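You will see chain A twice below: alongside chain B first, and alongside chain C after that.
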Partner chain A sequence: MAEPPVRRRPRLGVFKFASCDGCQLTLLDCEDELLPLAAEIEIAHFVEASSDVQPGPYDLSLVEGSVSTPEHLERIRRIRAESRRLVTIGACATAGGVQALRNFADVAEFRATVYAKPDYIETLATSTPISAHVPVDFELRGCPIDRGQLIEVITAFLADRRPDIPDHSVCFACKRRGTTCLPVAHGIPCLGPVTHAGCGALCPAYGRGCYGCFGPSGSANMPAMIPLLRSDGMSDEDVLRFLHTFNVAKFAAIEPEREDP
Partner chain B sequence: MTHRGSRVLHVGSLARVEGEGALHLSIDNGKVTAAQLKIYEPPRFFEAFLRGRRHTEPPDITSRICGICPVAYQMSACRAIEDVCGVTVDGQLAALRRLLYCGEWIESQTLHIYLLHAPDFLGYDSAVHLSRDRRADVERGLRLKQAGNAVLELLGGRSIHPVNVRVGGFHRTPTRAELRPLAAQLRRARDDAEETLRWVAGFDFPDAECDADLLALAAPDAYAIDTGTPTALRYGDGQKPRAFPVRDFTAHVVEEQVPYSTALQARLDGRRHLTGSLARYAISGHLLPHSVREAARAAGLDGVCRNPFRSIVVRAVEVLYAVEEALRLIGTYEPPPRPAVDVSPRAGTGHGATEAPRGTLYHRYVLDADGVVTDARLIPPTSQNQGAIEDDLRRIVQDRLRHGDATDAELTRLCERAIRNHDPCISCSAHFLDLTVERA
Partner chain C sequence: MPSATAPPDAGSTACVLDPEGIGALVRELRARGRTVIGPTERDGAIVLAELESADELPYGWGVELEGGYYRIKRRTDAAAFAHSAGPQSWKNFLHPERVRQWTADRAPDGGMTVRAERPEPTSFAFLGVRPCDLRAIQIQDRVMTGGRHRDDAYEERRTGAFLIVVECTEPGATCFCVSMGTGPAAQPGYDLALTEVVDGTGHRFLARAGTEEGADILAGLPRRPADDLTRTRAREDVEAAAGRMGRTMPEVDLRALLAGTLEAERWNDVAARCLTCGNCTMACPTCFCTTTEDVTDLTGDHAERWRRWESCYDLDFTHLPGGSVRSSGRSRYRQWLTHKLGTWWDQFDSSGCVGCGRCIVWCPVAIDITEEAHALHQESLDRQAGPKDETP
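And then the complex of A and B:
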């Protein structure tokens, strides 16, 4: 009897740009799924986890981190060319990350703050999402990403379907979880109404207002959100800081023009 | 032979620690003339953009420096801010912080032991490769790591960049009932931690001795994790640790920039030093509970371990301790009256240091009277350890070359092992060397 044909396992690549490593670590945090997953796919490039580094092409590439050095520009194009599907994971890759705060400052001054001899340090003036440089098949949000959503993305792309990742706001998840609304009940400032769901509405469940680490939701209504934050006691500076942190470029892009007094 | 020119190496990171690096080795007639660890993690400028933020923000912002030890950043940041504001967090709130930190120690150290370090000793490229032959071992590691993550998820909301920590304490504290299932999981984890220690103790360890000075926090009555006084143990000094106040940290631990690496390198009183598991065990090992000390002795450790290859055994001891300590903290937990103490900002400078899994992590903040950060300074463990790592590389390669020439592939493997011994944060640790050898 003939042997059944050996099925070629899809090849996975995991790549890092400017980041904290937390999103790729999320893959290693899938303790129950890691070994079964490794049986279904070939982990061809994942330097955080394996010194067996295989050249492309890759069926699915997960890209963490933002583009922030001249070398990154060339590298992301190379990875894109070698990847059938490219999915960016986390706020750095999808929105430039917390380091995109530099986009609103003088990088030369930043560099001098940190390094005594800034000339050694090569960096771009901006930290930008991967999608600013190459086409991206899907963006998975979060700082960090959610483990369950990562598994959904990997299995969806390996099955050639779109991932089931809704882009509604954290409010939906809060209601589903049965958490009392913090702004309504306690006047606690909360970005839940404009923030992309995916974390499971963690912060409100811990009595803390959402701080927007998943970035804006699909239909974020900033002109309504900002007066709400002010009425919950935030100053203009606080509102700016609240929005300008882990997804600074994304929230800034949809903020309304500041009204003249 | 050399990759210089083909790669941009002088790109560094404020995170300074995890991330991508390279190694440059110069060998001249069988003599190692240079061993340089090049870290080219892109700069992220945390110290710069912390300026202008509120005093409540550094714990969340600095946790983004490292996805592998976010709690360490949150804890050092909280301590430093509370120091500025004249607030001490103690009692059950301090106990909960220590419990959260135990979760990170269990998770992070187990990750290094099983997923990054053990494959070196057993001749595999990764834990996934290892699992094909020794699945039960890898599954034990994943189970133990999961127990650490369970602590982080319950207390912090999630294991990476937990959301529940705030200056002054927590947003919400757990009930005793909520901790009960955690205790059950940790009791199973204790068996896994004991087995892990026996497992790694059976590995083959090359002879090596690191002659750097050792630096770790020390507390009067417990193995230092979340609090303690910086304490140095000089090489060749016998057992005479010298402590200095945390506010003097930057007077003793001085960072300098080297042209080939964007991570700053630090020295202790002008000498090469090492922080992390080996230093902690040397300085605080006698404070471990009797059962953990006995397990360490059975694993072949005595008072001070200076063989960096055996650091995996010391990490396993620390995981066992963290599991025991977590169980003790859960057993004595009483919910505090309030989840956090008030921290009113005031102008001043504050210092905070805690023991990240990889070693002492120091934060300093200057606040103005409104509680706005006007200056920030962070010294992570890996910038401190780089000098000792480079010295290890030089010595280990030199020892190897005394027994005849070696191929680049063999030297690369040896160097990668020498570096992983010190767990210089994750993406460095797994596969990160682009070895260049210059032979004259």
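And then the complex of A and C:
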């Protein structure tokens, strides 16, 4: 697409849906890159950083959070219409987040238990990723997202190239950084073999099994994974709890059928 | 780089080093400006890392191996090399996981400057190369420097590397170097070869040189002439190791076996178990595949090209417009096994497997290359035997 002869900085919008703000904070956390970024891109809408909120259109919109209320449904369509590229960031926006646990329960009951005046709460029965409602140009995974990957997505956008965000397993990163495998050498349960890389295999490097915060990899063989977790000491219930966290909806969608008693 | 010719009269140059002699060896190598890499115990595994002194060797540690299982355990003796292949291999140093190849800068006037990355001069000494791993290094030499497209940076690292092979006396339950013809005795290609002997007479190493530099270094160490007892014990221990392989390959032409079983049922069976996690390829000392990574900065005025390890288990490995050519786990596992045992011959005139057993140990779900090869062999025998148990 032809750029105007006078170089105009692309306009960035950052938007929040149902989320904890942690992924947006990752952007503010890019200390070394923030000034050069501001030179290359006009931060037009980023409520967490500035109260100077500019109307659209936006060249790049980063959307955090899941679609959780009727109001969200309308708002995400508006943001999509105002955005040239729309990138969703984090487990909430790409998978529905931990709040998607309610997709597997009775939301009216939750509402009645949690809130003093349940009538004031307007909510959808499910928490869903942005891509369930509007076309999304790229999904950046993680809970929270990785700073380096966020910068990669933005620089790739500026250079008009495909971001280099592999969707292989966390194990690739373990082997590359030289971490000794936890299940093999210590019998510690780890979701790394079915989890999307991106964190640099952070948890295994500290002796903690991967808990799947980037969601399933591009090639997750769940029926092969579950027996491994079981042999590392997890009960069926433990396995479900392990999988049903930030990316519950994504893992639940590929879990093998349970042979329940 | 030592040539693959027979070592100069190994018998006559043999001598015996005490553990103090190994300490002196590490000091001498470091004094010559070499970065000494060797086994050491870290986080419950015997890893390869830089050694500042021989005290960091895993004296008294052994390992217990099985498919998907690795535990270090205390030995009753103080042997330093009584363990088999760990989580890394020497390729982590000769063929590092991520290497910058060039950088490009755009000047304000639009002019471009591209600078090829000059390989850092390195001078490794690898202490404790197992015979199977020596073969793995030679296989990677063929891949990286034996063809039309040479990898200069690899060659630089490799040419500067001093290799100290330690023969195997304590094979693991996942080892099958005998089937692959790579061990447990040292074969040519080393600078120094050691055999560790621990018995009532003491803890010592039978040492011999394979190159001039090896002989030169040996000459400067506290040592004594090789006695008959040590020679005999060293030979017997290595022979006994050959008889204690935990795994075997079927005794058939593996290349023909793999070429003839491309549509075997067994591929479905293994694909159901395979996580496609890529651990086997990353742990394998001969797997060499890489991908290209182009990095730009925010201004777009600076770009870098990097090369990083890639695996045939990655969907991106065969990504073409329209998706991955090998989208099923079946096709990706089959690619791995047929390449290791079969098509490697067509490409590089050797097997791509040296029998180190790493892919068996470090596969989280214990998929076993030897078991798969046996199963493919059995299936092809059954098929040849005729349609007696064929279901309509």
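What we mean here is this: the second predicted complex is superposed on the first by the 252 of 261 C-alpha atoms of A that agree within 3 Å, B and C clash if a C-alpha of one lies under 4 Å from a C-alpha of the other, contacts with A are read in each partner's own complex, and residues count from 1 in each chain.
To be clear about the criterion, a residue touches a chain if its C-beta (ideal position, glycine included) is under 8 Å from a C-beta of that chain, and two chains touch if they have at least 3 such contacts.
Source: prediction; values computed, not measured.
Asker: Given the superposition on chain A, are chain B and chain C in a clash or a fit?
Answerer: fit
Asker: Report for A:71: first if it touches chain B alone, second if chain C alone, otherwise both or neither.
Answerer: First partner only.
Asker: Touch test for A:16: chain B only (first), chain C only (second), both, or neither?
Answerer: first
Asker: Go through the superposed model and pick first if A:83 touches only chain B, second if only chain C, both, or neither.
Answerer: The answer is neither, since A:83 touches no partner chain.
Asker: Taking the superposition as given, does A:207 touch the first partner, chain B, the second, chain C, both, or neither?
Answerer: In the superposition, A:207 contacts both chain B and chain C.
Asker: Could you tell me if A:247 is touching chain B, chain C, both of them or neither one (first, second, both, neither)?
Answerer: In the superposition, A:247 touches no partner, neither chain B nor chain C.
Asker: Contact-wise, after the overlay, does A:31 reach chain B, chain C, both or neither (first, second, both, neither)?
Answerer: A:31: touches chain B, not chain C.
Asker: A:186 in the overlay: touching chain B, chain C, both, or neither? Say first, second, both or neither.
Answerer: Second partner only, chain C.
Asker: Give, as a whole number of angstrom, the minimum Cα separation of chain B and chain C in the superposed three-chain arrangement.
Answerer: Checking C-alpha atoms only, chain B sits 11 Å from chain C at its nearest point.
Asker: Residues of chain A that sit at the chain B interface in one complex and at the chain C interface in the other, please.
Answerer: Shared contact residues on chain A (touching chain B in one complex, chain C in the other): 207.
Asker: What does chain C use to touch chain A in their complex?
Answerer: 42-45, 47, 68-71, 87-88, 92, 97-98, 272-279, 282-283, 293-300, 308-309, 311, 313-316, 329, 361-362, 364-365
Asker: List the residues on chain A that touch chain B in their complex, please.
Answerer: That would be residues 16-26, 28-29, 31-32, 34-35, 38, 43, 46-53, 65, 68-72, 97-99, 101-102, 105, 107, 109-111, 113-117, 120-123, 127, 143-144, 199, 202-203, 205-208, 211, 213, 238, 241, 245-246 of chain A.
Asker: Where on chain B is chain A touching in the complex?
Answerer: 7-8, 10-15, 18-20, 41-49, 51, 53-54, 57, 60-61, 64-68, 70, 111, 115-116, 119, 125-129, 131, 135, 138-139, 142-143, 145-146, 149, 157-161, 163-164, 166, 170-172, 256-257, 259, 262, 264, 339, 416, 425-427, 429-432
Asker: Enumerate the contact residues on chain A facing chain C in the complex.
Answerer: It comes out as residues 33, 36-37, 39-40, 151-152, 154-156, 158-159, 161, 164, 166-169, 171-172, 174-178, 180-181, 183-186, 190, 192-194, 207, 218-221, 223-225, 227-228.
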